[in-house]
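We just call them A, B and C in the order they show up, numbering each chain from 1.
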């Protein structure tokens, strides 16, 4: 199993490489939180660009170091754009990150997410309910059917998504990050638990979406597991620090962006986490 | 007529029920202020989800406690989505809130807003010009034709919208909230005037849109009149408090979200308002 | 050549006229930064409205004092909306401002930007790479082909865009603003260099987009050159002031909006700039 010190060193390297190289991470993401996604990506040192059209998505997929696909607010054109871009990413071996927001709502969302199975996103990030439902949609262990989703919020706890996360990670050969009180990150053989964050993260829209965007930035410079763990760590760290200064969810969001920007590589790597081997 | 103390008690109950139950209030709303709408809904204790496609809107209409339709920035798909979702809401007896932003601009907007007459939103929220123009479009007393709109800003004062607001509320059997210096809320038989707010609310985009979103959250837990009055009260309270701490419109918006979050049920119910019987 | 004192007096007049008349400046702009564009326009004293549909764009073009077209995140409907609205603006002699964001990405963007040559935006605002690429697309001096764009960030310095900016300004009969460390504004015969700003402006999304929106607000009340110079000056001033108070990019953006709102006409006119005659 990967050593914890090695892991920390790789996290430090991911953070520093991103700050040094300002890598381009294109996104096709929802309209609700698109601004926050971009600002979070910039705050950690990445460069952001968002598009909707098929050929524009293909362009970003090819020039970017990694690409983010978040299915939050589907528009009709996504029916053409998303499978096309996901295929380009897969065929060119480019890393991409999937946030299966609100899996289970509507037929287009279900069809798109089903198709993504073959295009293998290297990181999948979601809350427990989304990870369990996606595993169900992909016919995997730990999954359940998608008929009990309520919306964008999780009704399951992170630990219940463990088997689903491992199954998804083993299928893609990448990593899965499950967001919750304690966050779980796995590559199918190692399981990390990352601590911190803030209760305010459920009181602002886009904490999850923008985490997916930041995972994508780190995925330009690190393995899927390290990218997911590093992004989760900086989110937990910045969340804890921002809560200490915030007077409510409005000021929390502002402080949070500031703390994303100010967090040092060493602070991020030393944000509390544990690792264990997967016994499934 | 409803007693003022009873009214306050119902407002307190609405605020507390929302904070306890975190009700889902789906929205189909504009891209300019969608993030602020969601953050305001979360700040008062609701849960937010935004979509564009017909079957996704139908899903949210059915699982949500209430639904918000704001016609701010129409996209082509809205031609299918909005009448479909409004019909589902009407046929299933689910409460929904309409913000007829910029009524009078463009043919699709006019057609959609005309159709909504039969689907009876239980709260209509707008500025005076929008309420007067919608009443005109629906062929009601107090309305004028829609040809003199300038954009999204009101050119009429709240009091001039009184007859239109009463006529609309009587038609829908719900309530109408007219935003302005003093806000007017009516269910067709009672008229309430709510005070407070801030001059900065016209210096940020989305004060009105997000108020509609918050009305929708309270509409999951209270009558249309109480939902509209409670949302208006917390907006006026948070506006006044935020202005005291703000140094400009940027910091005002942040403080405003914090104050929405911090306002107690009792503070909200005790924000100044008067009630009178409608004599029209 | 225009005298520097005359220039300052015209800047002061532009700022004061806008604050006094609250002019309507409609926009068709991207979904990433649309909220920031609107809030910046409101902060300087304008009124904002955003649309996507052809007849709604035509409406805003006709009732607004000036219109902003930013091609950041194209949607399919833009293929109909943008040429139609640009033609209406041109045919009615109404001023409009173009931000050719990410020129070079995708075929629709290229086709739209090529068409805009005949509709002559009175101000074009972009980073150096975008200005050079647009001049190339329009077959003008100083331009290069569009195949070397990376995304939304500039890979060229402002000074390298000088010839392109002059050529574009001479063609439109308006002005061109090139954003960078030192900003360049030209009407084809005079060249102004505006100083200030902040390194944080590259760490938030929408500094450029919202500058285009604010240019549009001033274009309702001043010549293209004065509008571009005034907007650039208030951005540089507010950027410098906001950086002094900010703790990171989150708080910078909030302070920036506050400073846009608080800047006096005289402060704006006295923000450092130089002027010289164009010798090309």
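Some notes on this structure:
Convention: contacts are C-beta pairs under 8 Å (C-beta built on N, C-alpha and C of every residue); 3 or more make two chains touch, one makes a residue touch a chain.
Remember, it's a predicted structure, so these values are computed and weren't measured experimentally.
On superposing C-alpha atoms, the copy chain A sits rotated by 120° relative to chain C, to the nearest 5.
Of all residue numbers used where chain B meets chain C, under half belong to both copies. The two sides are thus made of different residues. Averaging C-alpha coordinates per chain places the centre of chain B 34 Å away from that of chain C.
Contact with two or more other chains is made by residues 31, 35, 75-76, 253-254 of chain C.
Those residues of chain C that touch chain A in the shared complex are 30-33, 35-36, 72-76, 102, 105-109, 150-153, 202-206, 246-251, 253-254.
Residue ranges on chain C touching chain B, taken from their complex, read 22, 24, 26, 31, 34-35, 38-39, 42-43, 47-53, 55-56, 59-60, 63-64, 75-77, 253-262.
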